[in-house]
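Next up, some structures in structure tokens.
Okay, so chain A shows up in both of these, paired with chain B first and chain C after.
Showing the complex of A and B:
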């Protein structure tokens, strides 16, 4: 059996769990092993019902006083006890901060192998797990040795949520009880730290319309905003625009602003100075509109339009709307 | 009776001086020793210029500086006179009646007049004109000292008029001597201690601007964390400061309305040493925020007339902060880039390879090539600066210079070093040194002034020495030799340009004539901006501030201030010679919505050369 350890808090499932389910289904398909999802923590029921939609053999909830609030001692003890009852060959987890906290301890406690931050699985014979090494300069294919279960954690985003197969009907949900001495938990967690949130988090935006000096004057920002609205995109800007106060500083993209990686980055009148490029080079598709055919932005644009953005943008808005 | 009274007052004055001086000397002696007297000939030359001839005092403020020089030379001239009068007053030996003393006295009259004129000028300047550099309040102590000096001169001159034995004559003598004793008691705790210390401090100042010895990690050195860590030269500096404010008015951060004031840093050091606990954290003594506002342009240290070195304190404190993980967020991102990709941008080196191939560059081979061209982080990745490098390549090819590039480069480490991330700097530096040695490089040309300074001067601290020239120096020598260049002689209108000296080229490197010679060679009409040559106003990129956003940079952008200075020359074209100056100033130009043109020096030269040969 392949066990996926889901991550949830107060019944809200971490979406990365679905990525791990997708990985488990691939591994299970190759190894011919059924997949079970273990949902630990208080109010696991809600999250369990959600993952029951997946094409898995069963969903197992694990509720215990030692699991709430989260502590590495509590998780290690409860999961060790649970895994003793399950005949798992692999235990898969999303490589979240919480997993990073307890998974090495759990594997060490059980004296089993752990492979972390895996980006893909090479099947065929013994499955090999591919993980980056030396800051991503190399990748290694790692095959776990020793007795099962083998622990594997998956890099966030390595598998896609929408690749997790749904079942014809909801999978069976059962509860597992474990006997853990809650007094062995040494950590006493404080209330979670809330980092002051940046009002605009451009790093999560799927589409960004970004404005540069080519917009000419502050009143013209409205043109870009219209396009952003039509595309359902966030608006952003290069340094001179934010320095001039035409858009708030938190919308600045670049080495002295935010680093973004949207699916679509539409650069309007941005020349593409290096300190801007480094903030958006991770964008999947870059569309640049600029008057100057020599503008460096065209070096990295997937689609470049040389021309007057005040003619081109309204045309795009029309095209998007129809 | 009077001799006994004089003895008593004399000993009181000396004791007051000695006690206060001892407190300070003990603090200096207790510090980690950072004194050095390497390069003695340079130190002696500088001593002659800056102490004896008062060159640095006069250079920036000719009138006030000259008046100060009068007072200084007067003091020196009076040394013998004062000694003789003290020997007399103490009843030890009376030389006042000798004929040579009489001649010496008469010789001193013009000196006394000069001192009097000087001190009155300085008093008026300080108490009435009140330039901003001298601080917001009039220092009563300074006024008192000025009046003391005036009194000394007046009593000296009056002695010629008064009968020595008369009551008025005796009173005059006592007034003169009492003022000197009061002066001695006042000096050590005041900025007038510079009278005693500044000759020593100037002598001990490093010959190298911004001298930062490598940290030795084997000895678990982590930079300056608390007051205890401040080195002996830093402590001497703190007690020497004369509070003239040259550092302040030349500081680009202060000029752009930020909190950083280099003078305040030195005075805070003084207070922390005298009053504060020895384990006070430097981040609290100076404020962390303020420490991160320094661009490391070096203006403060370079303009200081009394030999103070600000950069070792500022960057040393940054080292202490970085060692404790207290760097601002924007630097964290940059450090990640340096660690993962060995360049400040965090870009993959395939992009450098692409440029190297597209530009048709060969991998350096000492058998085939005369010089190595070092691309740098900007040259490797910044499409804009790569235009300038292509110009450099074109010039080198036209002049049949055989050059190659390294197969691989890392950042030279400047942004890590100047922001106090010494560990990362040493990793990058050692890697580059290994590669440069392995490639058999003897001579390097680069268009990046930061690479010139770091590879040329800072790598020497690892025992690695290589000749590295900024492209302006190399190309100027090349064209001087070949005489191919023509300029205004072609009869065309002269280009009106202004030239922005990069701090790391003009101030650190002293390279100020070659760029101008190149521009002049092609007939450009160079309009000098304020703050030029070896005292330029920074573009705002140095010291890691290239990566700070406007909120992390309170006040105006330094780049905006500099851009306005360049604009004020009326020249439509700004010639730059540093990729980072270019990035900052172009940003400022875009923010201002101005239509000023920017051109890199090499592109300018290449363009004119092609025109000349066409």
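Showing the complex of A and C:
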């Protein structure tokens, strides 16, 4: 059996769960194994009914007070107890911040392999899991070692929500109960909050000029701003630029910032770390300008110019004006 | 407060990848190395906590002899002493082997707080801190943007996705994985570099029997997903051609 661990909060399913279901269906098809979706939470019913539309063998709710609010101690204890009752060969999850917080602990508790941030599966014989390494400069085919179950987490956006096959009728939903001592949970989380109202909604921008480390210093941001003005674009940045305070945090694109999908995304001096790419790979047309011809940003760019952005950007501004 | 900071030495950002002969790891002889960036922020946070609460900062690294370079750098920035789990096999180790090596070397020290970066810029597992917490039997929190210590309790700001955050409290001792940008990094002073030469680096052997739980069967330069049209020529020519294609082919500008 292949078990997908769904992610939900207050009954609202994280859409990345559907991406993981798509991955599980591919792996299940190749390995000849049925897929089950495990939905943990205090009230898992609504999310369970939603994923029951998928072409899976069954949906299993795992309800326990120790699962709400989320804590790594609570999730590790409850999921370990649940997995002891399921004959899983693989346990798949979306590579969300929540998964990153507990999945390695769960795998370590059970002394099982965990392969994280996977972008695709090579099946045919023993499945190999494909993942980026060295900031996306290299890709590795990785095989888990040791007894099952093997834990695998999937990079957000690697599989498409609409590739998850729906069933002819709703899958069976059953409940699993576990015995967990909630007093063993040591972390005491408070309610999530947003730092400040997002004054800038980059998700609606038609064109974005985004700057990365290649801009070198704060004074050079003006060069990118001039280009943005000439193109009628919003200005945005990768995380290091916002960390340095050169642009406000609300202009950050990436896993910890905003997710954008403009018609034009023009990346200036952005190497293309995974954390940035997940925030902008939905853009229709990507232009990359970078001095490093091997920068991973060129792997997803439609148009690329290899060279010094301080020479190229003023030339683009001139060309736009004519 | 006795604080451990786990740091990793990784290839520099400018490094151009070269593979070894069996194409399962990089050719290390060609690489230049530096401190993993999120670990540098973890070190800075530890130094700030020590300045506020007193105590000791011990830097821990698991790797071959070359990692002495980043250990020296951490000592020059202000760490008090270091533990180096030295083994050539640790260069390409998975998160289980690395965590086991670090946890074994740290377990008798009785640290109040263990900090490390949220992930490394080489293998990028985002696992070592969390597995270490499990092996040491400690509570943990990941992707931390603020650390407040009050007596024996800890309250940290955890980053969630899409601009959301959450405060989490837990007892000490604990393990935290630190996000880049939590603070402003300091650099080593000449005085610090001189002082580092006299600081203790305890060598420890890697524990026996820690087996890898994953194996890289093939390592390669990524296949391009999209066909990127590289536009050549002088800056002026390339710019003109780019603007033409954005207007006429992609039709995304006027």
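Please note the rule applied: the second predicted complex is superposed on the first by the 202 of 322 C-alpha atoms of A that agree within 3 Å, B and C clash if a C-alpha of one lies under 4 Å from a C-alpha of the other, contacts with A are read in each partner's own complex, and residues count from 1 in each chain.
Here is the rule we go by: a residue touches a chain if its C-beta (ideal position, glycine included) is under 8 Å from a C-beta of that chain, and two chains touch if they have at least 3 such contacts.
On a predicted model such as this, the values are computed, not experimentally measured, just so you know.
In the superposed pair of complexes, A:256 makes contact with chain B and with chain C alike. When both complexes are overlaid on chain A, the residue A:272 reaches chain B alone and has no touch with chain C. Once the two structures are overlaid, the count of chain A residues touched is higher for C than for its counterpart among chain B and chain C. When the shared chain is aligned, chain B and chain C each come close enough to touch A:299. By the touch criterion defined above, A:51 reaches neither chain B nor chain C. By the document's definition of touching, neither partner reaches A:66: not chain B, not chain C. Once chain A of one complex is fitted onto chain A of the other, the partner contacts of A:187 are limited to chain C, with no touch recorded for chain B.
Of the two partner chains placed by the overlay, chain B and chain C both lie in contact with A:136. When the two complexes are laid over each other on chain A, chain A has residues 135-136, 213, 239-240, 242-243, 249, 255-257, 259, 271, 274, 296, 299 in contact with both chain B and chain C.
Interface residues of chain C facing chain A in the complex, by the touch rule stated above, are 11, 13-17, 19, 26, 95-96, 99, 118, 121-127, 130-131, 133-135, 139-143, 158-171, 179-181, 211-226, 228-232, 235-236, 238-240, 242-243, 245-246, 250, 252-254.
For chain A in complex with chain B, the residues that touch the partner chain are 135-136, 212-213, 239-240, 242-244, 249, 252, 255-257, 259, 271-275, 277-278, 281, 296, 299. For chain B in complex with chain A, the residues that touch the partner chain are 330, 333-334, 339-340, 344-347, 378, 381-385, 546-552, 557, 560, 583, 586-587, 590-591, 593.
By the touch criterion stated above, chain A contacts chain C in their complex at residues 72-73, 76, 96-97, 100-105, 107-109, 112-117, 128, 132-146, 186-195, 198, 207, 213, 231-232, 239-240, 242-243, 249-250, 255-259, 263-264, 271, 274, 284-288, 292-294, 296, 298-308, 311-312, 315-316, 318-320.
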